[in-house]
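Below are two complexes that have subunit A in common, paired first with subunit B and then with subunit C.
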Partner chain A sequence: MELFQEVILRTGFLALTWGQLVMWAVGFTLIYLAIRKGFEPLLLLPIGFGILLANIPLTPLMTPGSGLIWRFYHYGLEWEVIPPLIFLGLGAMTDFGPMIANPKTLLLGAAAQVGVYFTFFLALLLKFTVPQAAVIGIIGGADGPTTIYLASKLAPEMMGVCAVAAYSYMAMVPLIQPPVMKLLTTEAERKIVMKSLRPVSKLEKIFFPVVALFVICLIVPDAAPLMAMFMMGNLFRESGVVARLSNAAQNELMNIVTIFLGVSVGATMPAATVLQPKVIFVFILGCAAFMLATATGVLFAKFMNLFLKEKINPLIGAAGVSAVPMAARVVAKLGSEANRKNYLLMHAMGPNVAGVIGTAVAAGMFISVLAK
Partner chain B sequence: MESSALILKCFVAGVTGVFLVMAILQVAVTLSSKLAIWIESKTVDKNAASQAGKG
Partner chain C sequence: MVNLESPLSGKILEINMEVGQQVNEDDEVIIIEALKMENPVYCPATGVVKEIKVRIGDQVNEGDILAVIE
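The block that comes next holds the complex of A and B.
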């Protein structure tokens, strides 16, 4: 009888708390959204599973120093290895051609980051600390790896929640952005047709990652871990001489680190950390960040039109939030709804990839001010 | 007071920094594109000249 009692006491059932049950529900919801609705499945599925793992009582998976998932987290995220590796893969996947053909769109990638800073202020009003507010603000950059990277540097306790918010809202870009874009533009502005982009040569594409590396890393050295990997991945792609490395960065390496990233981020969400009233504000602010970043991008595009001879369609400013290529597709859809002859996809890809750079630079600026 | 100074620093440095990087990058991309196009046109000219020589 005593032996039976001892076995019962050693199971996790008796240690189970209500908070952990709630987190199971959260984990299952993310898994459901990933499988049934296709919401960012590559990330939300492992994150949802990681949440389940972190909330099974008495398991040693997240025990500091010895837990299996803790090791993924410690060596992958705390050591800042995984987000830069994701950027290596992203660089190898990215075609900077539309941006090189129309370099003005770089400014739209910067303008969308203003929304990040507005959200930063909103978070401060809601009594978050300065580093926490910075991490919440960067959600508006719509870039998961950058959000995770910044959280690991400034507010590790916010990492899981902010990553889930960022990836969830990235999946909801087609719902969040269009009302803001329509509100801030007139029918006539949405109808503006942009001239086809010029073709970009191979040599121009090879020059770009090298030039961008020096410009960005010399001005914002704290953005170097992300940008160095991003530009190296892009050079792999554009050089055309290391197809194996480019393919490995885009596929095998990207897939492997995505598994470790997702499960580690999910495992940072035990009930005790996540079930706090402030977490609701993170999700509200995350949504606000996306909307504000969209708004500032569109408004800046309108501002640019005051000085440009050849007007740009202000809708493309919304693509400055990154979320590649979803935001660009939303722009293309709205543009063609206003004018059937309007093909904005490639025009929107410029600010879209510029937004990735802009978000990483904004994160680097936060790190340079707050992490020292 | 120190906190509000830090917040202001974050905002001003951040917004200025992002726009500065992008503006300089815009100039750098434009110049590097021009250089690439110039190098390519020179190469094309050279090739055309050598082809004409052979002919």
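The block that comes next holds the complex of A and C.
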């Protein structure tokens, strides 16, 4: 009889809490959204599964020092290995051509980051700590790996929630951005057709990642881990001589680290950490950050038009957030709705890739000021 | 004679006209795929298709001549 009792007590049933059941529901919802609705499935599926794993009572998966998923988390995220490896792949996927052809768009990628800093101050007003506010602000850049990287440096307890917020809003780019973009532009502005992009030579494309790396790292040394990998990946791509490395970074390596990233991020969300009233503000502020970043991008494009002889279409300012290429697609869609012979896709890719750099630089600035 | 120029770089996904066919201005004659997005290309003039210079799957750059309308 005692033995029987012992066995019962060792099962998870009695240790199960209400919070864990709620987190099961959250995990299952993410898995459902990934499978049925196709919302960022490559990330939300492993994250959702990770949430389930973190909320099964008495399992040794997240035990510090020995748990299996804890090891993924510790060596992958705490050691800051995985986000830079993702940036290596992103660099190999990125074509800087449209940005090199029209360097003004670099400013738009920077302008959208103003939304990040706005939200940082908003979060401070809502009594988040300074490092937490920085991580919430960076959600506005709509860049998953950068958000995770910054959280691992400044506020690990926020990592899971902020990552889910960032990836959810990336999936919702086509819903969140258009109302802001339409509100801030007139029909006539949306109709502006931009002149064709000049062809960019191979030499320019090879020099760009190397020069950009030096410039960025000299200005913001703390952006180096992300930027170093990003620009190396881009050099792999543009050099044309290491197609195998470029492909490996974009495909195999990217896929492998995505598995460990997703499940580890999900596993940082045990019920006790996540189910706090403050978390709801993270989602609200994250959404505000993203809308503000969209708005500052569009407004800055309008500001630039005051000085430019060749007007730019202010919609492309909205692509200054780093959701590549979702934001550029949204710009192209709104542009063609206003004028169906308006092709903004490639013009929007300039600010879009600049936005990736911008968000990583903004994260680097937060780290240099706030990290102990 | 009017040239139909590619408005952006991408891959030819669909060609909805044949040589000798009557086409109208603003017809959706070609679809170019770029960044997984379908971009319709509209006919610049009313007339007869004289020549189609691309095939499905071709990679084109902005400004490339796709077809000639007479």
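Here, the second predicted complex is superposed on the first by the 371 of 372 C-alpha atoms of A that agree within 3 Å, B and C clash if a C-alpha of one lies under 4 Å from a C-alpha of the other, contacts with A are read in each partner's own complex, and residues count from 1 in each chain.
Operating definition for what follows: a residue touches a chain if its C-beta (ideal position, glycine included) is under 8 Å from a C-beta of that chain, and two chains touch if they have at least 3 such contacts.
These figures come from a predicted structure and were not determined experimentally.
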item: Combined model on subunit A: subunit C and subunit B, fit or clash; value: fit
item: First, second, both or neither for A:199, with subunit B first and subunit C second; value: second
item: Contacts of A:104 with subunit B and subunit C, given as first, second, both or neither; value: first
item: Touching partner for A:249 - first (subunit B), second (subunit C), both, neither; value: neither
item: Touched partner set for A:207, first subunit B, second subunit C, both or neither; value: first
item: Touching partner for A:343 - first (subunit B), second (subunit C), both, neither; value: second
item: Touching partner for A:329 - first (subunit B), second (subunit C), both, neither; value: second
item: Vertex subunit A angle, Cα centres of subunit C and subunit B, expressed to the nearest 10 degrees; value: 70
item: First, second, both or neither for A:365, with subunit B first and subunit C second; value: first
item: Residue contacts on subunit A - larger count, subunit B or subunit C; value: B
item: First (subunit B), second (subunit C), both or neither touched by A:265; value: neither
item: Closest Cα approach, subunit C to subunit B, once both complexes are overlaid on chain A (Å); value: 19
item: Residues of subunit A that touch subunit B when the two form their complex; value: 99-100, 103-104, 106-107, 109-110, 113-114, 116-117, 120-121, 124, 130, 134, 200-201, 203-204, 206-208, 211-212, 215-216, 219-220, 354, 357-358, 361-362, 364-366, 368-370
item: List of subunit B residues in touch with subunit A within their complex; value: 3, 6-7, 9-11, 13-15, 17-26, 28-30, 32-33, 35-37, 39-40
item: Subunit C to subunit A touching residues, read off their complex; value: 7-9, 34-37, 39-40, 42, 61-63
item: Parts of subunit A lying in touch with subunit C, wherever the complex brings them together; value: 196-197, 199, 325, 328-329, 332, 336, 340-341, 343, 345-346, 349
